[in-house]
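Right after this note come the structures.
You will see chain A twice below: alongside chain B first, and alongside chain C after that.
Our next item is the complex of A and B:
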């Protein structure tokens, strides 16, 4: 117990890093996913092909391998980049691939007639998406989006393997000194649990908020 | 951009990469099997109607699904060094516990998909509770859960890469070793990634075939 109290600030520092990375990755991943998902549906054949390849490759790779490839690969080809942005880039790249597939699925499930109807009242492409398609698609996006966000928050723990001091690595460092693995792992697990569980709860709220067609 | 590709270290260590891949597949199959048993038990606990048992199972599922897998691996490996003999078996234990939670939800959905009429029909021809489970619930459930199970298997195979964190000599770890010995970052991770990709898509293809085979029985 004393050990936990003594090392509390270190854990908090790690938690802040984990939250920061999670927010960046969710935001960037969603942006890439929007572009990717819409390109897969409405893009020309070149754009579609490129994003199809990106999504299929990302979905067939373990997250850890993606991180190693991007995190160590970028400096290796001579592009200078700090640890933190490189890790965020790697995770976002992963997130974007999975997000693209979610958005493609949800938007693609809206009947084609909606797009035609919107076109027939004279809306151009982006207003059609903005006012007709996306408001209907969002309630199908939210549930898998929340699941992916929880997976992403859990996935940020892998940055501890490229020596970024997130929550998991700070816990590891503390218990190397205190030699009390079990209480610290349980504490760390509890913190992750609260993070992920609040994400899921927030997701439930969002689902209710966007359930306006039921 | 002064990076010139040199794949020689990869060709020289090809056998190690393939061995690592094989170990990953072996770990996947074993932990899927153990995880499925855990998942099946927890799913029946979840649908048993007994509030205490059901809540314990639900708690297990919620905890596992909201905690990083890497943490579970560390917890098993560093937390219980005397219980598990080596890295590979701690990875298997961690994966079985972790995937068991995901499979609980899959099996629970499968059990709930068996319509009540079948269960009543089974009871009415004089089957005991156990026989109803064995001859009615399980066969129907199995067909329902098969697609989700194949996704779990592919996901588990990708998760074996985290074994590298505790030096389980699977594919990702072999990639790390090549990296340390030759410092060919792009080449080694491209090769490792290509192997994962090829394996995942072959697995997906194979499992789709198996699903079709079983679908014909229905």
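Our next item is the complex of A and C:
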């Protein structure tokens, strides 16, 4: 107990890093996914092909391999990059691929007649998406989006393997000093659980909110 | 009946108006399937034209081409003298920009067989969306007008209802109000009662009939409702096999069909 009290500031620092990475990755991943998903649906053949390849590659690689590839690959081709942005980039790249597929699926499931009706009142392409298609797609996006976000939060723990001091790595550093692995691992697990569980709860609420028109 | 003047600006027709739609030799293929094989049709301002014909005759595809929801492969469509979807450049057709296509679509309203109301918007919002986002009408003004239009189609008490809470007949009347809200040059009706339960067909036809009789609204109506065609149309057009086979005043066309195909079609209909 005393060990926890002594070391909690360090743990909090790690937690902050984990939360920061999670937020960046969710935001960037969603943005990439929006562009990717819409390109897969409405893009020309070049754009579609590019994103198809991207999504297929991402889905075929373990996250840790993706992280290592980008983390060590980018400096190797001569682009200097700090550890933190490199890790965010790697995770976002992974997230974007999966988000693309989620958004493609949800938007593609909106009946074609909606696009027709929106077009027939004279809306151009982006207003059609904004006012008609996306507001309907969002409730179909939210459930798989939340699942992915939870996976991403858990996935951030892998950045400890490229020596970024996130929640997991800071816990490990503490327990190496205190030689009390069990309580610290339990504490770390509990914090991850709370993070992920609150994300899932938030998702449930969002889902209800976007179903207002039933 | 087939005349070949381009960009119809001639007077004539029951409304005394000009040709608001001119279709010349319209052709449309889906892959190897030829759906429209040279359709010629003119609609005057203020006219109510009903298109009948067996399923697969290309009626719906023709309507969708007029609104450029389908690109066409040959021929020309003019709405109010403007070529739909394309510009002519040195004898070749070049697709218009997204903005130009949208501007032309705003003047051609469409009511759909499956209603296609926006499910996440109330009846009022459905009707006001086009005026607000496309016509840039101030919101309060657009909602006032939407209210009046919904009252006109008998839905004054359903302004704030979402489509999921409305019957098919009510949804379709919202669809008609949504079309009217754009103050279009013409409204296209695509088998608008086909998806309705039989007891709901009447309320939608009544609204359309009232519209037709109010004059000023040009209507091109694809339907299987022969009674409606007979009572309301200024002119009936019979399509079969991707072409206009016969057209004329309803009383003439129904009582004295000139072609075997129309005779067969009408016989099948009135035997049921």
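The rule is short, and it goes like this: the second predicted complex is superposed on the first by the 214 of 214 C-alpha atoms of A that agree within 3 Å, B and C clash if a C-alpha of one lies under 4 Å from a C-alpha of the other, contacts with A are read in each partner's own complex, and residues count from 1 in each chain.
Here is the rule we go by: a residue touches a chain if its C-beta (ideal position, glycine included) is under 8 Å from a C-beta of that chain, and two chains touch if they have at least 3 such contacts.
The structure displayed is predicted, hence computed values, not measured ones.
J.: So which one touches more of the residues on chain A, chain B or chain C?
T.: Result: the larger residue contact count on chain A belongs to B.
J.: Now for A:189: first (chain B), second (chain C), both, or neither, which partner does it touch?
T.: first
J.: Tell me the contact category for A:127 with respect to chain B and chain C: first, second, both or neither.
T.: Second partner only, chain C.
J.: Which partner chains sit in contact with A:119 here, chain B, chain C, both or neither? Use first/second/both/neither.
T.: Second partner only, chain C.
J.: Using the superposition on chain A described above, determine whether A:202 touches chain B (first), chain C (second), both, or neither.
T.: After superposition on chain A, A:202 lies in contact with neither partner.
J.: Is A:16 contacted by the first partner chain B, the second partner chain C, both or neither?
T.: After superposing on A, A:16 lies clear of both chain B and chain C.
J.: Per the contact definition in the header, classify A:69: touching chain B only (first), chain C only (second), both, or neither.
T.: First partner only, chain B.
J.: Name the contact category of A:135: first (chain B only), second (chain C only), both, or neither.
T.: second
J.: Which chain A residues are contacted by chain C in one complex and by chain B in the other?
T.: In chain A, no position sits in both the chain B and chain C interfaces.
J.: Give the list of chain B residues in touch with chain A in this complex.
T.: For this pair, the touching residues of chain B are 1-3, 62-63, 65-71, 74-75, 78-79, 158-162, 164-165, 172, 175-176, 179, 185-186, 189-190, 192-193, 196-197, 200-201.
J.: Residue numbers of chain A touching chain B in their complex, please.
T.: 57, 60-66, 68-69, 72-73, 76-78, 150, 154-158, 160-161, 168, 172, 175, 181-182, 185, 188-189, 192-193, 196-197, 200
J.: Across the complex, what residues on chain C touch chain A?
T.: Going by the criterion above, the answer is residues 64, 67, 69, 98-99, 102-103, 105-110, 112, 114, 116-121, 129-130, 133-134, 162-164, 178, 182.
J.: How about chain A: which of its residues touch chain C in the complex?
T.: So the residues of chain A touching chain C come out as 111, 113-114, 116-125, 127, 131-132, 135-136, 212-214.
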